[in-house]
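Chain IDs A, B and C follow the sequence of writing; residue 1 opens each chain.
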């Protein structure tokens, strides 16, 4: 398992982590199999989505904010319940195929670390599993 | 990794893909382990849900549409931001146990390819991992 | 694959299952790899979230109820469509790293079985995959 740092710079931010995942796959010398990327936080998640038009993740952040407003009548004293829920909606891990040593995503897909309560120093844990 | 075609016929459609996954598991001669099913698109996802009453996925499509309306004040010029968000909410892969060569889902469970911007020719990528 | 019972006591309940997963990992003698936890139901899911303040999952239940109200103009005759949708939003499995025989979650993370139509006798299926 490899631990990789991700530094976020905004309260809500989608950070493309394809390059970091590929680097871990290369270092682990995984040729064919699956790579599992785990976010060990509770107010940040990970998803996959379009990398061509940066407006897609802009819309995604706005839609999630409308679905789960930051301010609400929440019990959690820290005040960031919305971030916890958004993270669960996106999920805390993605598993992606690896073929010939290369991360195998769809033509328009990238993996995005989803910061919902930043900016913070974050990390991801990467596990390679041969198939 | 096996690539399998899925052709959708409506703008929003939940397509049961159990049979396609089982076929790939059988061809890969996986006996015990996990099968990973990846959707390489950005406006379609995959989930699991009830296969007994077809109204369950009808309601699911309607509820997702209410949560993430097709028309909104979205930035993405292509106009299908809602499909991108719905796909991330469902997720882009499922991992399911395989036992004795058979896909092991709960009694009422099936895996559904989730089309959110069809009809289109789609595909899924299936990776078998022995345990 | 190990099957473990989870008994829920309320209509909506988040049950911490870390201890059950760790027990299965120990019994399987998995040292390094991934553990896959599958919920074989259609009105219950599984997610990860904060274990320190119990109010986090209280807020999560309330926010999901607001997003997907129990009562609606639903087609599914059984009347629990909201539970089906909430389960798909959380997802039906989590995959978590295992290191040195121990479930490796973030400092504040726990895995929560998510009951959305209880109380019921439920189960989870646990598969260990060495990496």
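Here is the rule we go by: a contact is a pair of C-beta atoms (placed from the backbone, for glycine too) under 8 Å apart; a residue touches a chain by one contact, two chains touch by 3 or more.
What you are looking at is a predicted structure, and each value in this text was computed from that prediction instead of being measured.
Of all residue numbers that take part in the contact between subunit A and subunit C, under half occur on both sides, making this a different-residue interface. If you lay the C-alpha trace of subunit A over that of subunit B, the rotation comes to 120 degrees, to the nearest 5. Centre-to-centre, using mean CA coordinates, subunit A is 20 Å away from subunit C. Among the residues of subunit A, those touching two or more other chains are numbered 67, 89, 91, 95, 129. On the subunit A side of its complex with subunit C, the touching residues are 1, 36, 38-42, 67-68, 72, 74-78, 81-82, 84-85, 87-89, 91-93, 95, 125, 127-130. Within the complex formed with subunit B, the residues of subunit A that make contact are 32-34, 47-50, 53, 55-56, 58-60, 62-64, 67, 89-91, 94-97, 99, 104-109, 129, 131.
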